[in-house]
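Two complexes come next, and they have one chain in common, chain A, joined by chain B in the first and chain C in the second.
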Partner chain A sequence: MRYVMHAMRMNLRRAAQYRSSFRMQIAAQIVMTFGDLWAILLLAERFGGMAHWSLYEVMFFFGAMQIAFAVTEMINRGFGHISSLIRMGDLDTMLTRPRGIAAQVILSELDPRRIGSVAVGLTALTVATLKTGLRWTLPDVLLLLWGMTGTVALMMGLFMIEAVVCLFSVQSVEIVNVFTYGGRQTCQYPLDLYPDWLRTTFTYVIPIGLCLQFPVCHILGKPLAGAETGGWVWLGPAAGFVFLGLCSLAWRLGLRHYRSTGS
Partner chain B sequence: MNIRAYRTAFAVHARQVSRYRGAALGGMVTQAFFGVMLVALYEALAGEGDLLRETATYVWLQQIFFRAFFSTGGEIYEQIMSGSVCYSLLRPVDLHLWCVCREMAAKIVGVTMRLLPMILIQFVLPESWRMLPPDSPVAFVRFALSLLTGFLVIAQVNMITAAVTMRTLDNKGFSGLINLVMMILAGNIVPLTLAPERLQAVLRWQPFAQMLDAPIRMWLHAGPAGEWALSFGVQLAWLAGLTVFSRCLWGRGIRRIELQGG
Partner chain C sequence: MSEGEIIIRAEGLTKVYRRTSGGKGFLGLFRRRTEEVRGLTDAGFEIRRGEVVGLLGPNGAGKSTTVKLLTGILTADGGACGVMGRTPWLERRKIAADIGAVFGQRMQLWWDVPVLDSFRLLRDIYSVPEARWKARLDELTDALELGGILQVPMRQLSLGQRMRAELCGSLLHEPSILFLDEPTIGLDAVSKLRLRDFLRAENRERGTTILLTTHDMADMLALCPRVLVLGRGRLLYDGGLDALLRRYDTEHTLRCVFDGGAEPEGLPPSVGVRREGEAWTLTFAPAEIPVGEVLAKLLAAGPVRELTLKEQDTDRLVARMYADLKLT
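For the complex of A and B:
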């Protein structure tokens, strides 16, 4: 634990060294997330809501997804950058240390800049709450937090898979980005807007639907794709942890076959 | 001025970029996924019909030419930050034009490599998700001319970003910000054609819309020659303005540059 705290402090201090750049990058995060929000506003205006969802209901999905993804990136930048760790030989250094490899990779780069996206996500949730007049109860809040936690676990798993592919190919593999960044993009809208195959993929295979969307629907009191929500939605986010478990198995397996790039 | 040097810069870099087939493939899969996802979303919102087809066409053209938005591998940034830009400065060429040639080579080759597969994907898609062919042969010619101009506009914005890097010696902050603003205002995140009328009057004429939005509109609607001339004229005007601005920044940056390293 002491090691974790130390790594976090180091990362924060490193980021704060380049102050103007740091501020610029937070601004960039805000602009990026706001760009996505702008798209939702524009589309809802043009089409009068989104199918059977109102603008503000969609903003709940958007806010929850953006926050979960930003938190993942904040703590998980290391796995996102695995290809450079491999190429520079940093991973080899880590392998010699008497600490868990996954923990070292994660802690090698924490990314406080993502706070910008979290801020925009929170704003979206707040505005949506005010406009829909939703009354949050304690279980609702807990359910949303639990859902986001599950999503963070799930996303970490996806980044891990990306890393496993990198262990073998050395290059960064953009294709895996389809699931991470594509997943964020897809799931900031209610999944029942999409055709069946896409919805099923993101509900059960990469279970963002189970982790995040069913809980959000439960809070809003609306069904998702015809499926009524109930107490069972509390089980959904566990799927994210199962997913993470499977991915870390793959990571361990990959690591056993890892061959350094040497130098 | 020796044209040959610039032609060589273009050709050499074109060949370099054409080596990265893996990157092109990965990028293509990502772009194809985003295309499908967005078109599926617009189908849910707009239902079948002309609006969907036009929006789908807009989305696909944006995805096909997506690569053109980005600077070529950030090489000039790396040079500026590592100080090895001094070697480039020694070349008896106009460095600004030299870099523009390289940018254009990367854009044209990068896009060409992705072009055919992205078009082939269209045949697998359900009919209502496919992109429409150009409105008429005339529309296609106008589109092609305008697209090339659009690429030049992007190259100038890339150069402005590089010039700012010379000053700040950090490529992440500013270039990240400008790239995002570019994505949004160029219509990559959401088609500008879906914006409300009043907003469109502003959106259409801002510099970022001259990159891909203007050409795509020409692809979609042939329109009278006068209307086209206006749109193309605005593109050229922005190109001229941005070129002057970026050369100015670049010139000042070069004079003041502090080389890193010994």
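For the complex of A and C:
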């Protein structure tokens, strides 16, 4: 734990070394994320909502997904750079140290700039709350946090799979991005707006639906794709952790076949 | 050197790299060929606590593979290996606490923060108690002359300073075994000498076992009484460095200058004679004609003003050894 805190502090200090570039990049994050939000606003204004969802309910989905994804990106930079960690021999170094490799990879490079997207996500949630007149209860807050945590676990799992492929080929594969970045784009809207196959994919195969959308629906008190929510939605986010567990098994297997590079 | 217990043991250690490459042409995109490259084949050796052992061999001989297997970076495909009684790739985290590793061509400390920050993080990575860490840091800062650069970010250091900082980082947790992969690569003469002195002292005073790979024969001669020679993934020699070099030191060279233009006479044809200005160079195999006999002939030929016996260049000896072992 001491190591984790220390490594996090060090990452912050490193970011602080380049203060002005850091500020600019946060600003850029905010502008980009806000662009996505803008698209929702435009669409919803034109059509006065989407299916049975009002504009502000959609903003709720958007905010939750953006925050979960931004947090994932904050801790995922190391896995995102895995091919360079392999090429530069940093992974070798990590293997000679008495700590878990996944933890070292994550802590090797955190990305605090994503705080910009978190801010936009929080703004969206706040505006949505005010406009829909939603009353938060403590269980609601916990359910949302739990749902976002499950989503982060799920996304980390996906990025780990990508890293595992890198261990074998030293090259990154883009196919997984269909589910990661694609998942973020898709699941910032309620899933029942989509055709069945897409909804099923993101509900049960890559279970963002179970992790995040059912909890959000439960808080909003609305059904998703005709399915009424209930106490069972609390179980949903666990799917993200199950997924992550499977992916870390693959990661371990990958490390056993890791071949290192050069001398 | 005291005879310590066996700290590293390898038996039949084997690592195979599978290289997949596409076939030729468009269809090659779909058909893959797998080619097996032997990284290390059936290597067996033992290293005792407190030894300094050099790994010698041309590029691609399996030196790095050996180091990576012993440090738990790679998983072996065959054979057994024990580092302090544990199999490195199965109990990686346990042995990690007791080994240090420096790879000369790589930076292991964090490059954009002051060196001291890296050392502090290492303290927490290895869970070294504060007091112990402080004492060890002071000691290493002294020995490696790091005092002036602790507050400087790694990226601003010279290569020599960087290597000293890396060494310090790898020794802060007081490992029993230190693995060094080409630690002197690219260093200037002064830095090299300092590094050698430091390693010798570290080994003598703390009994740290050192396993070292280098292409610099001067490093080997200065540090390693014992070497393991690898070639094409096989262990070809395990024994004293001196004995190994003597085996290939088959040609002696004498340089001689006479007073008053005398010439060497009465030497058998097996002695090569060359003249450059007033200096004579004689090359011969001591196995065929003893040095004393050559000397006697020279002294008999005329008044000798200068006489030097040139030592064989160790790089040349190693090149000859590689050629003899068909490694080049």
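The rule is simple: the second predicted complex is superposed on the first by the 262 of 263 C-alpha atoms of A that agree within 3 Å, B and C clash if a C-alpha of one lies under 4 Å from a C-alpha of the other, contacts with A are read in each partner's own complex, and residues count from 1 in each chain.
Everything below uses one rule, namely that contacts are C-beta pairs under 8 Å (C-beta built on N, C-alpha and C of every residue); 3 or more make two chains touch, one makes a residue touch a chain.
The shown structure was predicted, so the numbers you read here are calculated from the model rather than taken from an experiment.
Engineer: Please work out whether A:Ala27 is in contact with chain B alone, chain C alone, both, or neither, and reply first, second, both or neither.
Structural biologist: After superposition on chain A, A:Ala27 lies in contact with chain B alone.
Engineer: Per the contact definition in the header, classify A:His257: touching chain B only (first), chain C only (second), both, or neither.
Structural biologist: second
Engineer: Is A:Thr96 contacted by the first partner chain B, the second partner chain C, both or neither?
Structural biologist: In the superposition, A:Thr96 contacts chain C only.
Engineer: Looking at the overlay, does A:His6 come into contact with chain B only (first), chain C only (second), both, or neither?
Structural biologist: So A:His6 only meets chain C here.
Engineer: Looking at A:Leu198, would you say it contacts chain B, chain C, both, or neither? Reply first, second, both or neither.
Structural biologist: first
Engineer: Check whether A:Pro139 is in contact with chain B, with chain C, with both or with neither, and answer first, second, both or neither.
Structural biologist: A:Pro139 contacts neither chain B nor chain C.
Engineer: Please work out whether A:Arg14 is in contact with chain B alone, chain C alone, both, or neither, and reply first, second, both or neither.
Structural biologist: A:Arg14 sits against chain C, while chain B stays out of touch.
Engineer: Tell me which of chain B and chain C touches more residues of chain A.
Structural biologist: More residues of chain A are touched by B.
Engineer: After superposition on the shared chain, which partner residues are touched by A:Asp36: those of chain B (first), chain C (second), both, or neither?
Structural biologist: The first partner, chain B, only.
Engineer: If we count contacts the way the header does, which residues on chain B are in touch with chain A in the complex?
Structural biologist: 22-23, 25-27, 29-30, 33-34, 36-37, 40-41, 43-46, 168, 170, 172-174, 176-177, 180-181, 183-184, 189-190, 194-196
Engineer: For chain A, which residues are in contact with chain C within the complex?
Structural biologist: Listed in rising order, the residues of chain A that touch chain C are 2-3, 6-7, 10, 13-14, 17, 88-90, 92-93, 95-100, 256-260, 262-263.
Engineer: For a test of understanding, state which residues of chain C touch chain A in their complex under the given definition.
Structural biologist: Chain C reaches chain A through residues 17, 59, 63-64, 68, 71-75, 89, 92-94, 96-97, 99, 101, 103, 105-106, 108, 110, 112-113, 117, 120-121, 124-127, 181-182.
Engineer: Within their complex, state which residues of chain A touch chain B.
Structural biologist: 18, 20-25, 27-28, 31-32, 35-36, 38-39, 42-43, 45-47, 50-51, 171, 173-175, 177-178, 181-182, 185-186, 189, 193-195, 198
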